[in-house]
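Here chain A shows up in two complexes: once beside chain B, once beside chain C.
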Partner chain A sequence: MSDMSEALARFGVYLRIAWRNLWRNRRRTAVILTAIVLGVWSMILLGALMRGLAEEMVENGIRTLTGHVQIHAERYRSDPVAAHPIRDPEAVTATIREVLGPGARWVSRVRVPVVVDTARKTGGATLVGIDVEREPELSFIGPDAIVDGRFLEPGEAGAVVVGRALLDEMETELGHKLVLLAQDAHDASVSRAFRIVGVYRAELEATEKQYLFVSKEAADGWLALDGAVSEIAVELADHRQAEGAARKLRAALVADGVGGEDGQPFQVASWRELLPVQRAVLDIFEGFVQLWYVVVFIAMGFGVVNTILMAIFERVRELGLLRALGMRPGAIVVEVLMEAVMMLLIGAAAGNLLGWASVAALAVHGIDLSAMAAGMELAGLSRVVYPVVTRSDLLLANGVVLILGVVVSLYPAVKASRFTPVEAMRQG
Partner chain B sequence: MKEVSNTMSIVACHDVAKIYHQGAVDVRALDDVDLEVEAGDFVALAGPSGSGKTTLLNLIGGLDTADAGEINVAGRNVREMSAAELAELRLRRVGFIFQSYNLIPVLSAEENAEFVMMLQGVPAAERRRRAREILDEVGLEGLYDRRPSELSGGQQQRVAVARAIVADPAIVLADEPTANLDSETGRALLETMEEMNRTKGVTFIFSTHDQMVMDHARRLVHLKDGRVDRDERREG
Partner chain C sequence: MSIELRMAWRNVWRNPRRTWLTVAAIAFACLVLVFMLSFQLGSYASMIDSSVKIEAGHLQVQAEGYQDDREMRQVVRDPAAVERALSGIPEIEAFTRRASAFAVVSSEDRTYGALVIGVDPVHEPEVSSLESLVREGSFLSSTGSSSGTGGDGALVGELLARNLQVGLGDELTVIGQGRDGSVAATVLVVRGIFSSGIDDFDRSAVHMPLATFQEVFAMGDAVHEVVAVGRDLWDVPEIVRRLRGALAGISQTPPLVVLDWNELMPGLLQSIQVDLVSGLIFYVALILVVAFSILNTFLMAFLERTRELGVMMAIGTTPGRLGRLLLLESLFLTGVGIAVGIALGCAVTLYFQVHGIDVSGANELLARFGISGRMYPRLSVLSALVGPLLVLVVTGAAALYPALKIRRLRPVEALTHV
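Take a look at the complex of A and B:
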């Protein structure tokens, strides 16, 4: 008989004993299984909702004129004026196409600070010159965001779309004119009157106050940009690809020599750099999810340890008998751990199934949080949350339960192996 | 008292002592015990409670360790063995039958009888054949799938006997095997053990209070206050 097949035969025996021991006290096993199932279920569901909330927030940020990756001329981000544009956007977009393939989408914009002057008020804002046809595909602004008047026409000059909040703040109305004051590409001060043709709403009031939209052609002509743009925003299939895409674009733009001779003609930034607040909140949410996992596990871990300890103290004599018959202490540890692992596996499997079913059910309509929407808007969150499950969350939840579960079960298992046969047989 | 030689003995104890510490008091459970058992013998250790019968069985079976003296089982000195070696000794060379709580409750009669062979790694078909054969011999035909809770006390002890002898141990140690059985059942069990001793040549050492058990023994060793008081051999 080889050592291997002997070991396998023993393993089979322990497995059989462990399985039957698990069902000796059905009620107790059912109670702890319920706890594990609920724990795993709550880990998955709460994790999915938290992630859904965070993803939604990030998506909102990305849709608000950010995109997944942005490319600017080198000095633009520190001094975002018309004098620091990307002078040859076609060369950059050719590189984007080459690096990211036909699946990636992009849009170019002119974005400069302006002073807004109405008959009654003066204030600062940001003027965005957009590709009227392509911009709505990538960001929130478009015909659907207009609540009053109309959206811009392609190439339209002299027309501006403003946010509802800015309109109110500047005490002006649809159809009125406002005067914008800016510096053009040659650093000369220029001003021009634009007529308000449309009013938009955004998820955040801050967005409405911040941005005025004109056609890219109007901005180009007014600011003497001669075809140059302030930024090119790229949209990818998933925001998680942003870092990698940014890295590749950075390398490719340098290699292609599309720009200055110092090798750093452009700044390529992912949304994580451009939206530090959202990134921080996402990280905090991630921390919360992990904290929740730990809390659930601690509660569950005590239950698991207690259950196994009770089961062991009930059968001290039996453990002594196993030792007397020649089972080694290590084998007792393995046998008791098998009971724990079986319990954890069954609980985790059912918890995953329940979690998956709950997430699938909620994914249809989401959870409507409008009752708390006023507060949520401030945080850049949507009114309806859809759960999002990621593989890493699932792995983490199951890993925590299974690996830590086995670790805490070591205590009762080792305890069980410590009873000497004589001591154990003397009891009872 | 007696000279001990290891040559023909399956068990040889020489000057064995065991002391239990109970608070400040040291209790000498065994004191200078010499005992030699030949292969194939059927030996009863008799004596009142506290005379050291169970302690001596535990020491011979490697369940407990002696404080002094030498114990040889199947030619090996038990006192020099590590815990793992003792486990191996119990697994391969010694069969145990206890007073009660002998069986693993979650295993059937057949699985209990197979248990030691399973630990030894005997192939499944072989295990099954030998377990059934021995269960038949102890009179448990057809009860293979019963769990211990579904068997009577006498039947449970028969399963324990089957388990103790099925793996061909050098000796079977039985600690008051009939103590929890009525006299009729006790007698039947004893006859089973005798039969196994006669037909298979298995060496039995058992402790007992029971006169009927003593009457069946071929050799009766009386213990008193941890010492061998009398050693009688009866033939017949």
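Take a look at the complex of A and C:
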């Protein structure tokens, strides 16, 4: 017990000594603190911006009719037509409810390629039959995305909602009709006129050009699907859970014997498989952020080591005296390391605070890059960027600074413990 | 060598450990900057190069409005005249003609909408990389149907072929609208399947011989685009200027326009700008961190030697001269760091310029810009010097601080300084 309190008391003394040593040369400490604060701040802020860019892109992809996990009939992915549907969606949704619990949300869709014909133009697009009431909860499409006209009514037939870019490209307008040509569930060619009741806008122009929306009931009747759907999209609490959920669903669907078309199993895919570009961006950005942390650390690490070295070389006499008075080398190492840790802690704390404040300030309105819309579109990025701070990024940034900081400070600390009294006296 | 230079140089090496640590910090920053900038510039070059080669070319001559509307009737009526104008420009390397129309393409079981493009089998390979993108079968032959059984050849994008469920030798029915509004229909035989890595292109394009296209779609001699590539990307503005002059003599309605690669692929230049600017933000942050991290070394040169500087002042050295001395010391320090940094940066960059960098998992992303496989940084005078120059400017500013402080030094106080 007394050993313990003695150790604590000694620790307290070191702490006080280290604290006082730190402020012996205020200017020098202030300069290196500035370097650390700037470093940590740039790690957090720039990391948050990169993360924000990537997350926004992933969320966009997920909300553009992907979801976190998608279930298709075996042959649909390689041949996405009405002839390869999920014939019994109820059986699949029962399994989803059973595996993921009542909290999981899903929506089913009909999705087929169509040829679009207006009076003046012909083009290719994708027709999506949606659950008018539930789709807006999971996807970007819904009453909020409509910029002209109105959204679809449940069960409505003969009405279509198109993207602004498609409308312009096809040189047609709200209220006009367009003719859709497709192949139905029996591979028969069918065509039908739909009236444009609404026009939507999406984050990316490519989305506006690709998708036309009708009610699921309309698609079902027209394509003779008889209740079958093309896909079931599942939404989870976080996109990071997608792989695990997909694995569980895959296993459960096999175990439940819920067969797809012709007894083939279903294809269960997470967004990481469905959106390879977004996944690549996320992975590259992640790698880049980590690399950035290390690069910034190295840049300030040299300064930290140099500053502590200066501090101890100024105190050679004093350190020698301490040794002469019987202080053990280990204790000197600890004392110098404490100085380093205090410096790093103060710098990191201020840097975090500054980082948090600037992220919060930027998060209010985001950074508007609309002026570069075409460039952002090509890179698949959105027009407004919001910084995103994750706990793992924060931990990593601070961990790199503190842990590597202590590691590099070992060099001056050990150096300080090696001054022999005699040498020290002579040098002074 | 003046005495000041000699003194400064010796002072720099009074404390070799400190000097090397400082030099290392500067060199590290320079290394990172040289490599990253070379990497960025290299990837832009391949982005532009590949994008240009896949389809757009360096420039195109079209009828006004065609780029936006893609109307069948917006044609270049007399492509031969345009080509004569192009032949007169020495910087032009090659050119070809194209026409395109949206059509409904059907195989035995499937129907998809696709962009049917008529290309010149002889000249197309000189302009675009289409021929090298053919993964299965062969490129279109100039002799048309004589080489095989019935129907003209077609090149189909890999994803479209998969969607249509067709392979080599299978027939495709193409139905569209001719330039005069008539129904255009023909049967093509799949001769080749191409893959550019750009999904949109691979999912939507069918190529056929231009002569057949013109016949089927009632185009006569007209085309939609005359596509040209210059010897060098940098020649493009000059070519465009001269071509506009040469085309002034050809009158047609709608009039002809010349579009360069930036107008043909809007977004490419912008995405480069976005990348360059965001890179710059990172570089500035890095340089600032380094500047503060080495500022203490500059400061120490002053604080440690207060007494000595006081003595020098007492024996008549002017503060201006002492300030110059300190500035010179800082410059030497920075100079050595920058020199080492540039040397190492160039070495690392050159290594990867030869061996390439495998950006794992990036293939899908790169494919979007038409780059496949490894990435190669490209070292240039610009990329080797811009970063280090920034470092020099910022550390130079940091070095001013102690040099200015010395003006306020009083010899008496300095001498009493411990």
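By our rule, the second predicted complex is superposed on the first by the 369 of 428 C-alpha atoms of A that agree within 3 Å, B and C clash if a C-alpha of one lies under 4 Å from a C-alpha of the other, contacts with A are read in each partner's own complex, and residues count from 1 in each chain.
Criterion: a contact is a pair of C-beta atoms (placed from the backbone, for glycine too) under 8 Å apart; a residue touches a chain by one contact, two chains touch by 3 or more.
The structure displayed is predicted, hence computed values, not measured ones.
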item: Which superposed partner A:Val414 touches (first chain B, second chain C, both, neither); value: neither
item: Touching partner for A:Ile146 - first (chain B), second (chain C), both, neither; value: neither
item: Touched partner set for A:Met300, first chain B, second chain C, both or neither; value: second
item: Partner chain in contact with A:Ala363 - chain B first, chain C second, else both or neither; value: neither
item: Touched partner set for A:Ile346, first chain B, second chain C, both or neither; value: neither
item: When both partners are placed on the shared chain, which of chain B and chain C touches more of chain A; value: C
item: Which of chain B and chain C A:Val31 touches, first, second, both or neither; value: second
item: Chain A residues contacted in one complex by chain B, in the other by chain C; value: none
item: Residue ranges of chain C in contact with chain A within the complex; value: 17-18, 21-22, 24-25, 28-29, 32, 69, 102-104, 109-114, 162-163, 165, 176-177, 200, 204, 266-275, 281-282, 285-286, 288-290, 292-297, 299-300, 303, 359, 361-365, 368-369
item: Residues of chain B that touch chain A when the two form their complex; value: 58, 61, 63-64, 83-84, 87-92, 96, 98, 101-102, 104-107, 111, 115-116, 118-124, 163
item: Of chain A, residues touching chain B in the complex; value: 1, 5-7, 9-10, 12-13, 16-17, 20-21, 24, 317-318, 321-329, 420-422, 425, 428
item: Contacting residues of chain A [partner chain C, same complex]; value: 25, 27-28, 31-32, 34-35, 38-39, 42, 46, 78-81, 113-116, 121-125, 171, 181-183, 187, 189, 206, 276-277, 279-281, 283-284, 292, 295-296, 298-300, 302-307, 309-310, 369, 372-381
